[in-house]
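Shared between the two complexes below is subunit A, which has subunit B as its partner in the first and subunit C in the second.
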Partner chain A sequence: MGEQNGLVIEARDLTKVFRDFWHRPRVCAVNGIDLEIKQGEIFGLLGPNGSGKSTTIKMILGLLYPTSGHLAVLGKSPRDVAVKAKIGFMPEESYLYKYLTAVEILNFYAALYGLSGRIKQERVKNLIIQVGLDAARNRPIGEFSKGMARRVGLAQCLLNDPDLILLDEPTSGLDPIACREVKDLLLSLARRGKTILICSHHLADMQDICDRVAILLNGNICAQGAVKELLVNPDTLRLSLQSPSREQLTAILTYIEQETGQRPLVDHSGRTLESVFIETVTRRPAAP
Partner chain B sequence: MGVFMPSVMIIRLKQFVALAGLAVTDLFRQPATFILVLANIACTILVPLSVSHQLGQQSHLAVDSSLAFEFVFGLLLTGYAACSTLHDECRSGTILIVFSKPIGRLTFFLAKFTAVALLLAFFVFCSGVATLLAERLAPQNFEFDPLGLKLLMASPFLSFIPAGLLNYRSHRSFVPPALFLFALVLSVLVLILSSFDREGHRVVIGSMMDWRLLPACLLEGIALLLLAAIAISLSTRLAAPATVSILLVLLFAGLISDYLAELLQGIPLSGSVLQAILPDIQNFWPADKLAGGGVISGRMLGHAALYAAAYSSGVLCLGYTAFRNKQF
Partner chain C sequence: MMLTRTIAIAWLTIREAVRSKLLLSLTCLLVAGLFGLPMLIAGDNTLEGKVQVILTYTLAFATGLLSLTTLWTACGGLSSEIQDRRLYLVLTKPLHRHELWLGKWLGIMGLNIALMGLSGLIISAMTHHAIRNSGDSLKIKRQVSEQFLLARLAVPPLTPDWSQTLSAATQRLLQSGRIPTNMTPEAIRQKLIEEIKIQHFTIPPGGGVQFSFQIPAKFKHGHDLLLRYKFDSTRPERNPVAAQWTIGTAPGPLTHIGVTNYPGIPAVLVLDAQSTAGSNLITVAYQRQDTQSQATLLFADTTQEPELLMPCGSFEMNLIRGLFVILCRLAFLAALGLTAGCLLSTPVALFTAFFILILMASAGYVESVATTGVFYIPHEGPALDPNWLDRAILHIFRGFNVITHPLIQLDPAPLLASGRVVGGKMVLLALGWLAGLYSAISALIGIALFNRRELG
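And now, the complex of A and B:
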């Protein structure tokens, strides 16, 4: 934890320039960004491909070194190995050893955290159940679908009960139900005081769970703030009514038109496709 | 100054064991490992049976070719294994998850070297067994060893059929059990043949094998370990073709380092600098010593091991320096 200011991640004027063989600047992936992420917050990094999201996450993990600027993770340098004991990371691709089973790979990563004995066994067992892979626990990961491999990726990320969780496209490849489960899991982790940083293109998912977001473009932060503040449009107002009668509605519309000079837009409040899908799939009995 | 707590040391040891264990498991399941180990055994045992070796001094030729095969296949295996375990891990991205855990780069680097060293230890064992068999099975006065050949022909079936069945039942890789069973079957074959003469009569156990070959193979194994240190250091930056090419150049340059130093005699210090940089492979070539009826003594092995340890430590330090600041 950043003892001085309560910040879990603090970046000031963070810049990363990739250089060629002759050390000439080739591309500026991150260009002087400022970030402050507090404990218990779910923070989203949005942006198109090549905007610098993954580079930022790699710098936070100490896998890439900043060209200039200041970066502190849990109050320390990201290159400090000890800091990583409190971090969980799920990369965009499932970079897993394909010949190992789900249990074997989690046991391996648990050993890298120094876990052993009963603690290791219980944590691996619980996580396998939590990510819904109990039935496939002894199958090699090479035989897994993309979504199942993502679940293993999520499980390894939570092995050490981390304070800071970094997720690169966490819902990519997951079906809507698994996607909802992951989002619920992340929300429950945030309620337990975990700090979560997510990179994603799935804007609806980010809108569902993030407290604050930053939008990156060409290595620069174009917009940053609380999701609710960014989404609100102060020039329009939505009025919701619970099934008024036709006469009542006509009277209300006439009144509004007389007072404001504008004809209000009337439609039924819609459901999201996600809610329809989940309701439909969960209502159907499972195939024998 | 940080206090180095015993618990921290235990955690680092666990991490090291986990990393080295997974790396060696991965190396043993690679088809290329299977092919190289098997090719070495096949060439070592079968080439002496060919016509070209039946011109006299069959046993001597068998030993020379066996030791040469150990060097060549060992070098290929070393280069391939080092790049497979380190360079390919960086390229495939699996290293991203490993380094998101509290793993020091030195722990990771040394664990990878240990894995390659363990694979080489297995290779040298197989090579030693094959060399003993090659010397025993080499035809003498155009006469083959019928008992030995029959047992040799049965050995692949005795090892690969059970390994295949295990693969069928467990869905796990065929390679590791096949390799270990083959090494076991060949070791048993050595023990059996060491108790029978070429006519099939019982003799004193061990009297029918030239056990001097084992320390000779071990000496070459130490040289391969030295080359493994170079290979793992190169693989921090280079892929397998470049690494193996450089190893081949170093091997041959090391074999003629005296001659190269003589060529540079006119330039001050250049000869001694060249000899210090190049691995002194001549120290590890045992065939000439064996040809004169000599043995590879413990003292000679000790000197070679000390030289290899010092040279490897220096090379590993350079390799770690290249790896320490590598970005992923």
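And now, the complex of A and C:
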């Protein structure tokens, strides 16, 4: 970790230019961004397609090399193998070996992390149960649905009990319940001091779990900060009351109008569709 | 830790070959080819010919098939995984890229060892079966067994003392005053020796020639020896030539064996263990019986003299050594394929692999061009002076020859097919040269390229 400054990821003036066969600059995917992600926070990278999110993630993973600028992950170069031992990565697509079963693929990645013997067996077994694939543990990944393959992707990401977790569209392909479970899992991991970097288009999910976000556009960071701060509109104020009577409400509105000269907007506080879905599905008894 | 990761990658490579049915398809193809080829190819209807067909064609088939699949899997091994992005996830793990490269190479070699072992078992079983179940007489079966089921060391004939003949020829040349001015004295000497040798081995009708062989002191007597020889005729019709071999020298016991051989076709004479017992200097003499023929025989050219083959090990051990040499060649191909796959996309890597395979198959031609400087033999007219393009291509051929030359030198197939021993020297050279130096150079280039490669 960047022990001296407490930063898990530190990027300064980070630039990535893709070149053509003749080494001429073709596209500047990331254009001098500054990024600081602290231990234990959940950081979201947002942006439209082609904004540079994936390129940034790949540079953090050591798959792409920066053209210029400084990038340190856990205080070291992202290409350092010792750094990779502390990182877990879940890609958007399931880049898994389709001919292997869930257990085999986790055993394979565990071997790459240097796990062996009982520790490996127990960790694989626990993760298979944790992601809800115990019944399908010996089926080849090629026979899995997208959601099931994503669960395997999540399990392999957590195999090494990583300090830094990078997730590319973690809830893509998951049903709302699994989606909620993943989000709860990420929140619990963050509470345990793990640092999480998420790259997603699901803004509602990002809003739910991220402490801070950065919005990328054409390789530049357009906005960055704590989610709560970014969502606050300082010119307006919302007042919430627990079921006031009609008389009380009329008196309050009249008072506000007299004092401010503005008629306040009144409506019921809404629920999210996700909360309604989860409540409905979990209340119904399971099919026999 | 490094070993664990490398073995994990090797194991994954093998498992992929098994699960994707590649190993099964390859095994079926290999077994079908090994059993089918000797049935499809007609020999000369002799047991010797049949065994030679088994050894020559099955070995060539197994080597060719495994060379092709090694290049195929090696080229696709890395490039296809980069293309379908499976490698992205693997390379985010604490794994050095050289461990990945090495693991892939070990996995491919693991498959090769299994398939080569299977080929060896089948070839050995087929050879034994062909001899044991043949309808030929026991004598022929024994002769063929002696010829093929024993590894034999080739002993060249002792070089006669040319010194007196050479000095006489030199004197004649000096007296004639026709000394070539464009040749060095050593080149003139070599040319004279060649002419003397040709004169010595040229046999007119009714004529003969004698050869002496010095057998190493450690040789244990009791086995038959084989004399392998070949001659050419000055006549185009190539009629058979009747002759008599005499084994031994007077006043000792002599053994006479009558033979009839065709020009241009290698022949084998069995020297009975009793006729050669007790002596380490064996003398054999060839005497033509056909006094009426017009053909003059050239008994041995300057590159291929008769040779005495003496037993020095079992067929099985010889086959294992030969297969090991082929495995060393496959190790080099695997390294070459992986290096191509590090840099190129799968189709381009495969194209490169085929090019390499064709280049290897043409190693003899490449060597001929590199050493003689001639691309083809002109049918008519004088040879033209090479232009700059010819010279440039010649340099390219010389570059290729540096790579392909050891492949010609380290080919065990002709030795195995003729019952000759695959020596320890060849095994060590194959190990050091092909599996060691060549593979290491390929690996270093491949790993360096792979380390520089970005996965975007």
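As a convention for this text, the second predicted complex is superposed on the first by the 288 of 288 C-alpha atoms of A that agree within 3 Å, B and C clash if a C-alpha of one lies under 4 Å from a C-alpha of the other, contacts with A are read in each partner's own complex, and residues count from 1 in each chain.
As a convention for this text, a residue touches a chain if its C-beta (ideal position, glycine included) is under 8 Å from a C-beta of that chain, and two chains touch if they have at least 3 such contacts.
Predicted model, so just to flag it, every value in this text is computed and none were measured.
With the two structures aligned on subunit A, subunit B clashes with subunit C. Once chain A of one complex is fitted onto chain A of the other, the partner contacts of A:55 are limited to subunit C, with no touch recorded for subunit B. Contact with neither subunit B nor subunit C is seen for A:21 once the two complexes are overlaid on the shared chain.
Of the two partner chains, subunit B and subunit C are each touched by A:112. Using the contact criterion defined above for the overlaid structures, shared-chain residue A:64 touches subunit B and also reaches subunit C. Superposed model on chain A: among 272-280, 290-298 or 362-370, the stretch of subunit C in collision with subunit B is 362-370, the rest showing no clash. Touching of subunit A by both subunit B and subunit C, each in its own complex, is seen for residues 58, 61-65, 81-82, 84-85, 87, 89, 91, 93, 95-97, 99-100, 108-109, 111-114, 116, 140, 156. By the touch criterion stated above, subunit A contacts subunit B in their complex at residues 58, 61-65, 81-85, 87-89, 91, 93, 95-97, 99-100, 108-109, 111-114, 116, 140, 153, 156, 160, 166. By the touch criterion given at the top, residues 1, 4-5, 7-8, 11-12, 15-16, 19-20, 84-96, 454-456 of subunit C touch subunit A in their complex.
Looking at the complex, you find that subunit A touches subunit C at residues 18, 55, 58, 61-65, 81-82, 84-85, 87, 89, 91, 93, 95-97, 99-100, 104, 108-109, 111-114, 116, 140, 156.
Considering their complex, residues 10-11, 14-15, 17-19, 22, 26, 29, 92-104, 171, 173, 325, 327-328 of subunit B touch subunit A.
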